[in-house]
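For reference, chains read A, B, C and D in written order, and residue numbers begin at 1 within each chain.
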Amino acid sequence: MRRDAAVLFGQLGVDLDPDRPARGLSIADQQIVEIAKALSTDARVIVMDEPTAALSASESERLLDVARRLRDGGAAVVFVSHRLDEVFALCDRLTVMRDGATVRTCPVAGTDAGEVVRWMVGRELTDLFPKTGTTPGDVVLRVRGLTTDGVFDDVSFDVRAGEIVAFAGLVGSGRSEVVRAVFGIDRYDSGSVEVLGSPLPPADPRAALARGVALVPEDRRQQGLFMPASVARNTAVVVLSRLARRGVVRERAERELAAHWAQRLQLRHGGLDQPVERLSGGNQQKVVLAKWLATDPRLLVVDEPTRGIDVGTKAEVHRLLSEQAGRGLAVLMVSSELPEVLGMADRVLVMREGRLMATLDRGEATQERVMLAATGQASVAGEGSAA
Amino acid sequence: MSRVLSWDRSVFVLLVVTVAVGAVIDPDFAGGSNLGFVLQDIGEIMLIALPMTFLIMTGEIDLSVASTAALAGCVLGWAWQASGSMAVAVLAAVGTGVVCGAVNGFLVTRLGLGSLAVTIGTLGLYRGLCYALLGDTTVADFPAGWTNLGFSSIPGTPLPYVTPLLVVLAVAFGVVLHLTRTGRWVFAVGQSVEAARFAGIPVARLKFRLFVVTGAVAGLAGIVYDLRFASARPDGALGFELAVIASVLFGGVSIFGGVGTMWGVVSAVLFLGSVRSLLQLQGVPGNALTIITGGLLLASVVIPVVAQRWSAFRERRSRVLAAATP
Amino acid sequence: MNGGLRRVLAGREAPVAGALVVVLAVTTAVNPRFLSDQGRFDLLVAIAITGLMAVGQTFVLVMRHVDLSVGSVLGLSAFMAGSAVRGDTGGSLLVALLVGVVVGVVAGLVNGALVAFLRLPALVVTLGTLYVFQGVQALLTGGTRINADQLPASVVSFGVTGFLGVPWLMWVCLLAAAVGGVFLRTRRSGRDLYAVGSNPPAAELVGIPVARRTLLAYMVSGACAGGAGVLFLARFGGVDSNAGIGYELPVVAACVVGGVDIFGGSGTVLGALLGAMLLKTMGVSLSALSVPEFWQQAINGLLLLVAITADRIVLLRRERSARVEAARHRREHAGAVPDPPRDGADRAGHEGATTTEVVR
Amino acid sequence: MRPTRLRLVAFLAVAAASLAACGGGSSAGAGSSSSAAAPSESASAPAATAGAVKEGLKIAILPKAINIPYFDAAYAGAQKACAEIKAECEQIGPTQATGAAQLQFINTVIQKKYDALVISAADANSVVPALKKAQDAGVAVVTYDADVADTSARSVMVKPTTPDLIGKSQVDWISKAVGSGGGEIAILSAAATAENQNAWIKIMKDELAANHPELKLVDTVYGDDDAAKSAEKAAALMQSHPNLKGIISPTTVGVAAAAKYISGSKYKGTVQVTGLGLPSEMKAYVKDGTVKSFGLWDPGMLGYLGVYAAGVKASGGDPKAGFKAGDKDYTVDGDGVAIVGPPQEFTAENVDQFTF
């Protein structure tokens, strides 16, 4: 059985130890294992649903290669994706769906990205990255020498008020782990975190919240939302003490709060009592954002804020982040989408294998420089630590 | 689950129907003295079911509650004999419950062990300590004034003295679960522990406190049990853990956490007590009672699922029909 | 190959086996009769019933389910098997076994159908059937009891004789463990059980017939509990309406001590059997060490807690060292970028993971 | 042997409990003056005879648990008595032998207005309050087989035989089986809290000390009337006491489990088993030579006399003055206890004659 697995991995052009437990693998490698699993059954039709959503660019490329190989081997591949560049790089035909109905099916060759986006959102989309220039204020977050053995090493950076700082790098390079440690979800081994000039106690999300730090987590369904609970309850869950009088939560205040944010974020919902599990992915993400913005934070950390949501909502999220930064909010964003990083960030921090490799200002951050730093194929000039 | 068909409402309706039908077919059933008996009979189960609801809502479980109650009961007897003061004994018993709950809570929240495994272990440990404490003896010399509290009625009413305690605690636990921040946290933790941590809910501290409260209330139940049976014994409350859990689940609390209501649980305990009493008065043998308890528990999970599938099927069909008509 | 040895040492069975050896060694040193011919025989007889049930329970636990009804199934099967051969003096041991196993399989079908097809929570279902089966058994037995003089000699002597110094009851248990272990380890459908347990939705998406596998696991658990009923009948030369009451939690405890993950996905039949052996051996050794009667239960509970705590600490330490090891590996082999393991994070279940579907 | 400290605590606790039982009994008796009124009225009635029993009484028989052959045999006797006095009787009871479970059924007896309740208390203390309630509600309460701690909670107790005889007989049987050489013996009891077992064990200890210096009691273990636990305890006894010569198990479950274990082990023939057992369960082991003799009383007589005593009480008589059952008169002692007779010894020769 192990030999069979090794043969399959060979066919896919990857080098994996068949004895390793799947739990410790990177998401990319887990995807490869999934595909190997499908091949082992001699599948003729393979459906891939958002296979690259959690992958970085180079990893995605490897997966697309595998998909091409499968196609050339005679298998039919159905590829579901939000990433148009992949669609155009890989697919022969495409089908656009909106609101549960097919909008159009046509060969890829006869269309372009702009047209597909129009089909997807049903209208013209003008500005995908509505970044407004801001002047950075005081340092809100100061991280120095943050280290967790085996996860990330000696990470130092600052985030100022009104600034959007992006964490770029491959999935698994330790970006999410750093922001989790900053917010206090995970314990770190050494280093320090300061918010507005005074140290933040480690491993205490409540203390972070009290000091105006908010974290929109990576995984919306598992970490961001209480799926069976209503829109109102999800929105209010972090600020319950503010809504409570003598320990009893005032339902009216809760609903007012939720209604306020639903309106501000243009949430499309079927009533504040609707369970969030019935909302679309994009609207779910808006609820997560509402939940954290309701805490009135000084520092908003967003981890993959637009993963797996449609193009229209993506633009709304970007506009919201820009607008908040414009009002003096410090934003720290982890993202695997280079266009998003380059379009939104005032500064880009690039991580590789748990280390901060480069810090690039908006002006000097280009796709090539970020990717080179992220993959370590060449060292890039940059401060390497806080600006 | 569909809102109209929600299980907690169904249980309440079942309770009302059972009492009404019982009153018609058996005049003895609806009599005051039987009502008092039923209340007394479900006393300990109801008490422990209140905090157990919280625990199961957060996705944890405590199988050691019956052993905790028994140990608290044994400590009550032991401390009464040692000190000669019932006040001291009661404090010692409740304190024992708190310590037992804290041990469970520590093992689950600090060491990260599964609560099912931990409380199977402490179930044996606490019961073992009962024997270590009392051995082959039974303490049966509690002052008559106290034991009267256990089995006589409030003068002028058919209600046992335990009634006010049940009412006050049930209301208190219901208010906390459904109206306060702590209650919201309990729901949130049950729906997603991870999301709760990200939302700054002190998950470990909350769970630890729930285990402690469960232990304390189990200790209280141990005292009620001792007084009702006028004796403290190492094999008291044997097997109550499954009865409590069955009641909580029957009341519509999801074993996966995050779903449930306090009044559903209270209705369930009252319903199971009434059904048992009614069947007993009808001379239904004990074996059949066991089958009915199990059958009801199965029904509590089967019926909502079947109902949900049925309504989903109808919804789909009506959508298809609506689409078909121009 | 040396990978095999490495896996054995890294497995969760090794510490349990080690603890078992320590308990045996210490007790024998204090009381040499503990492992005398008769002492060993008695110990193995005591292990056989719980051990067999633990083997079956493993199938259910690795699927992230549980079977609490095993005690009631044991009672029901012991009674049905006993009734089938009552008064029959011929060689009807096989008949008894057959009847017992069939009763168990039917009970397993009931549990499995409710869990698999209606997708009901296993704990609630089997808690319900625990009561139902127990009630059915009590209704069927009524006031009757099956006594040794009514049973065929083959059944009664089966409970007290052995082969190569090992009781027949233990041979049954070992046979079941061997078959079950090989099945789980090498058969595709056996491996499916682990896949379902570690990630039910993903298992469904790769085309594993989850409902059928669930049914299978419950039938195995039922068959083992049913077989254990016949062992019970043989061991005690009779059965009454209280047989099997309260057996469920010790069986689950044995599996947990043996490293079977209560949240599914990992654990072996061998581990469960070792867990049952360790728990029973500790219990018996307390008597052999002359621990006061009234303290034995408390000490047993304490030892169970120590066992699961130790298991957890070993696991945590191993995860941490694996994480540091992975980081070192990563630095040495730039390019391959393993994701550091996180406690409980099950990445494959997230939205965005590839899902493959097979259309034949 | 257990540490002496524990034994001291246990002894003090027993002493305190028994003192308390006496004290509680008298105070509760004085307190329930309303219920005392009824018997005092009937005390002036003519001495009870079988003829004084009313017809058509409704009598409930409540064993420790149903589905136990021993209690079914007792119920057969009760039914015989009910037929004789033309009463309507019914056996009700829980499936598990606990006082808590019996409580349900005592309530049923009160609600359903039975005239009399004949009960074997699964737990001497915990049913006392409920039985007093039943008496207040006008139910005649008689205990059989196992008594309650507070004697004011029942009128008469029908005891199988005197604890003295039970204890001494079992010592005699083991002494006979072990032979004049003597040696170590152990006791395998039921639940540690079972009051009748503990009383018998105490008498056995006294008897051993007084008359059997050749026998040495080395251990007492508890099998909780569970077959598996009892068998494991028997096996464990052999581990901790390699020179053991005999096991006394004064409970039907325990003695059957011990006999089954010994009969299938190498100890068969060298370790003797005796105790209180049912002939039906023990038949196989007396015949294969594991057990030389064991004993019990006729459980049917317990039910039979219980119904008669309850009938007298429910008809307004006072069985405490003695009562007639069938064609035989039974005396009742100062504690309200009537004795059936000496225990019956069963051996390979006579065991087939008994059906229970």
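A few remarks follow.
Note that contacts are C-beta pairs under 8 Å (C-beta built on N, C-alpha and C of every residue); 3 or more make two chains touch, one makes a residue touch a chain.
Keep in mind it's a predicted model, so treat the numbers as computed, not measured.
Among the remaining chains, those touching subunit B and also subunit D are C. When chain centres are set by their Cα atoms, the one at the greatest distance from subunit C is A.
One finds 29 Å separating the Cα centroids of subunit B and subunit C. In terms of their C-alpha centroids, the spacing between subunit A and subunit D amounts to 74 Å.
Centroids of subunit A and subunit B (each the mean of its C-alpha atoms) stand 43 Å apart. Contact of a single residue of subunit C with at least two other chains is seen at positions 138, 294.
With touch defined as above, residues shared between interfaces to two or more other chains in subunit B number as follows: 131, 135-136, 239, 285-287, 290.
Touching of two or more other chains is recorded for residues 219, 222 of subunit A. A list of each chain pair in contact follows: A-B, A-C, B-C, B-D, C-D. Residues of subunit A touching subunit C in their complex: 15, 19, 22-31, 34-35, 37-38, 41, 43-51, 53-54, 63, 149-151, 170-174, 177, 219-222, 281, 307-308, 353-354, 376.
Interface residues of subunit B, counted against subunit C in their complex, comprise 63, 107, 111-114, 116-118, 120-129, 131-132, 135-136, 239, 242, 245-246, 249, 254-256, 285-295, 297-298, 300-302, 305-306.
Of all the residues in subunit C, the ones that touch subunit A in their complex are 3, 7, 206-207, 322-328, 330-331, 334, 336-341, 346-348, 350-360.
Within the complex, the subunit A residues that touch subunit B are 183, 185, 205-206, 208-209, 215, 217, 219, 222-229, 233, 237-238, 240-241, 244, 247-249, 291. Against subunit A, in their complex, subunit B makes its touches with residues 175, 179-182, 184-185, 187-188, 191-192, 194-202, 258-259.
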